[in-house]
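As structure tokens, the structure follows; a few thoughts come after it.
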Amino acid sequence: MPAYSVVVDVMLKPEILDPAGQAVANALPALGLGPTSSLRIGKHVEISLEADDEAGALAMATSMAQVLLANPVIEDFSVRLA
Amino acid sequence: MTATPVLDTVEVASRTPDQKQPYAELGLKDDEFAAITAVLGRRPTQTELAMYSIMWSEHCSYKSSKVHLRQFADLPKGDRLLVGMGENAGVVDVGEGLAVTFKVESHNHPSYVEPYQGAATGIGGIVRDILTMGARPVLVMDPLRFGDADHPDTRRVLPGIVAGIGGYGNCLGLPNIGGEVVFDPSYQGNPLVNALCLGVMPTDRIQLSAARGVGNVVLLLGAKTGRDGIGGVSVLASASFDEDGPARRPSVQVGDPFTEKLLIEACLEMYDAKLVAGIQDLGGAGLTCALTETAAAGRSGMRAHLERVPLREASMEPHEVLASESQERMLAIVTPEDLPAVLAIAEKWGVLATAIGEVVEGDRLVITWHDEVVVDVPPASLADDGPVYERPMARPADLDALNSAALPAFPSVEDLRELVLRMVASPNLCSRRWVVEQYDRIVLGDTVLAWPEDAGVVRLSEKTGLGVALATDGNGRYTRLDPHDGAMLALVEAYRNVAATGAVPIAVTNCLNFGSPEDPEVMWQFAEATRGLAHGCRTLGLPVTGGNVSFYNSTADVAINPTPVIGVLGLFDDVARRTPMGFQEQGESVLLLGDTAEELGGSEWAWAEHRHLGGRPPAVDLERERVLGEVLVAGSRDGMLSSAHDLSDGGLAQALVESSLSGGIGARIVLPTGMSPFVQLFSESAGRAVVTVPRSEELRFTEMCAARGLPCVRIGVTDGTALAVQDVLELPLDELREAHEGTLPRLFG
Amino acid sequence: MTARIGVVTFPGSLDDRDAQRAIRLAGGEPVALWHGDHDLQGVDAVVLPGGFSYGDYLRAGAIARFAPAMASVIEQAGRGLPVLGICNGFQVLCESGLLPGALTRNVELHFVNRDQRLVVESTASPWTSAFEPGQEIVIPVKNGEGNYVASTEVLDALEGEGRVIARYLGRNPNGSARDIAGIRNERGNVVGVMPHPEHAVESLIGTAGTDGLGFFSGLVTTLVAA
Amino acid sequence: MPAYSVVVDVMLKPEILDPAGQAVANALPALGLGPTSSLRIGKHVEISLEADDEAGALAMATSMAQVLLANPVIEDFSVRLA
């Protein structure tokens, strides 16, 4: 089977507080950077896997995200080919 | 300019004796290279060269310190030492069929490059040292030194280091029961991250590292091997050594505490089932060190098939595999009969286990890479027979001037209230709460005392209350002013801290943090400090069970203050009789033990108020320390003491504040006449402690002190919710607490 | 008759031995359970202990909830088996859907270990039956991801149905919604708490006292009476 | 100034161990997912900021990544418009 590289990005839902993102956003101005109107930090997962085709690879990554990589109570995710 | 990817085998090396070798780039001197060639009877292969360069480095060979460290090995062993210096960590018999092993090690340079991972892997490394001895690790401590508290780089380094120590130790489930946080500009650009671990085992479970038994399997346990931490040897990767010199990879290792936790549980299960014939952790110098040391210790031949090592990156070359400092790995020697059982335990815990070699006849370590011989060496030539130097020494040229520098003028009585408030808030004396709250201090459920107590105390037996106490200390300013006495002062402070809890001090470990050994003034400091430490240990009857030397701690050629960090282990027959440092009851007598002299050279007052470092450090009286220790232990044993707190940095004022805040109970103090209140409150004379005793015990206690010739003065009574010194100051505890607690959150929060 | 209480050890569990000790001190019989076994050995109750299962690298508790032992715990919890998740165990209970909401990173972004004042609210669970509603207790917190979050509806429901078992008093150590330190399911048999009652069971150990013992002695009393 | 959404993805360098990715990769097969030949977890940072133009927005995000979001000793990063 051919190999594919897939990316899953996982972000906290907009209504959930992101203290890490906020801490970075607050630190930036003192470094002469920003301001930002929003800065949020999530996870970026790069996966190499074998599948029959692109659709199969995306489906596999989507299952991984649904089952394990993201917690639907607090997180959204998106899946794409790298 | 392109590299030729030809494997540099032993056979190739024999054929090409004149091929240029990059030994200088690898840190080897001309005569060291000549010695290697003489041992081998030919030029080394690239892989052998990498191995010698690592094993003969200062870090691994102790080539500059060896001649001085012999003093510790020569100390009387006492009747508790089961394994002395030389193994991964010394082992001490604590009775009831149990033994403990403990050691402190440095991870200074990696923690500056990458604070979180550097500190984290410092914990991981020392824990494996303890595990290697057969012990279950049960606690960690972290003596730390940073540049000035308000320096911007300290803001980068400190939070990362603290988070890394917590991140690794918390995830391993080891309580952090103490440590140090010291700020001084001499550590700017070179923070000190020392990590201590103690483990406990049944005495019959002690493991040794020797590889013995022809046919036994050499098994690599734990994480896959990657290119992390290859550091200096990465110069070989370019295979060409052009003018600019090859690029060196930064030697950063990333820790995986989860894998280490599994490795611990798997190894302990193997030890309990008596399945391990020899074991060695992989730390600095990775497989190179583990293979050569196990073979050398067993006086065995060994064969390793390097391509069997599970790799994270397939393209790694043999010398990289051997030099890699990938974390969370152990090397076990196992008989073929026991191999299936060992593999089953590894599988149960999800630990990778790979047979990479075997013990063979003869006395050569032969390493192959896909059946080609890349290494063929006598292992002892790497592990034991490295170079030994008697480095030139010179008393620092500025020492006389430093020692005779006059102290700043003392403040007047009216200023003392504000001075106390400033001092308890100063970076070196303020509360460490912001740091220690990031550490799990109670996991395993045996922590009897931890921060902010003088020493951490951990129970070893639920049934009998058998337990240990541990404290670490080191004062770089004192040691700068007098390395011999400074090292002794570090020793006696840790000794006193342990005794203050009621434990009997029984053994010593140490981490000697110094500048470059190639600087004769640093080497003199080192020699003096080891002499002082050895003298102190001899007089107090304590064996040194092990330790670590960290040289080359300097920034732009300016060495750090010489900083021996001394750890003292104490023993409790029953931890239930531990003495806390906080005042416990209202209306108890406050007694000052020991003599106070005007000793403010190198003091925290001189530094915090005036950035002054000069004069002489406090005098050391080892006999007095011993008697004080006996009194503190006897007071605990006979149930006379409600609290005890040793006096050190910041003197009596600091001790009274800490005991008041810790217990939430104030005191009314009346200072003896005849000496200025300032000196009485801030002098740092050694050999002192403040204790509280119930009125009913006072006479018995003071008579015991008198009988032993220990000065004991009643200086007041616990009372109310303020610290009052008659005719000098009155400070509500709330105000003190605010000053004491506010500093670190303000700086780093 | 004594209550047999299982403690599940996952790879990376740390407070499992502590939980066993607490059970023993409360008069129960601790039974060590292994994450890889479906068999719960017929225990009368289960504790999911604190720690860093699977390193907590992805999200705390995310991987542990798939363990074979958890399948059995989920099934038997549905039939009323008392289950207590402490810290990492609470996280596992939320990940597995036995309790609503989730635990996220502490707002101050640090791991925090301190003695914490709590008020016990719901005593309608075997695990909290030893306490009085409104009783103040002190037990240690120690977590990096203890910030309880849930939707407003879930939070309102938890409060409306009296399912908050304890709240933080004084400084909220992790930013938890509405100062929530622990919750229970509708039936009351499943409880998750972020602070560590098993670390407050002996006056000699730590500095928090012995208030945590009630979580275990209440359960033992309930089970033995049943 | 117009508003831009920029994404910074931060990954551990390939030669650096990724314990999180490894733990997840090891867990997947038991869940009937995978196997993966590689799975690595990094940070996904979504930033909203104002800039003169796209190039300015990307430059600003790149500075943030260099200074604060990524640790160049162990991490690489990439910047793109969302």
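Chains here go by letter, A, B, C and D, matching the order in which they are written, and residues are numbered from 1 within each.
Quick note on the criterion: a residue touches a chain if its C-beta (ideal position, glycine included) is under 8 Å from a C-beta of that chain, and two chains touch if they have at least 3 such contacts.
The shown structure was predicted, so the numbers you read here are calculated from the model rather than taken from an experiment.
A.B. asks: Weigh B-C against C-D on C-beta contact pairs and write down the one with more.
C.D. replies: Result: the pair with more contacts is B-C.
A.B. asks: At what distance in angstrom does the C-alpha mean of chain D lie from that of chain B?
C.D. replies: Computed from C-alpha means, the inter-chain centre distance equals 36 Å.
A.B. asks: On a C-alpha centroid basis, what's the spacing between chain A and chain D, in Å?
C.D. replies: 9
A.B. asks: Could you tell me which residues belong to chain A and also touch two or more other chains?
C.D. replies: 68-69
A.B. asks: Hey, what residues on chain B touch two or more of the other chains?
C.D. replies: In chain B, residues 256, 258-259, 350 touch at least two other chains, as defined above.
A.B. asks: Give the residues of chain C touching no fewer than two other chains, as numbers and ranges.
C.D. replies: 54-55, 57-58, 63, 66
A.B. asks: Using the touch rule from the top of the page, what pairs of chains touch, sorted by label?
C.D. replies: Here the touching pairs of chains are A-C, A-D, B-C, B-D, C-D.
A.B. asks: What residues on chain C touch chain D, complex-wise?
C.D. replies: Its residues touching chain D are 54-55, 57-58, 63, 66.
A.B. asks: Considering the complex alone, what residue numbers of chain C touch chain A?
C.D. replies: Of all residues in chain C, those touching chain A are 58-59, 62-63, 66, 94-95, 100-102, 104-109, 147, 149-150, 175.
A.B. asks: Any idea which chain A residues touch chain C in the complex?
C.D. replies: 12, 16-17, 19-20, 23, 68-69, 71, 73-74
A.B. asks: Can you tell me which positions in chain C touch chain B when the two form their complex?
C.D. replies: 11-12, 14-15, 17-18, 21, 50-52, 54-57, 110-114, 140, 142, 144, 196, 198-199, 201-202, 204-206
A.B. asks: Any idea which chain B residues touch chain D in the complex?
C.D. replies: Contacts found on chain B: 113-114, 117, 223, 226-228, 249-250, 252-256, 258-259, 312-313, 326-327, 350.
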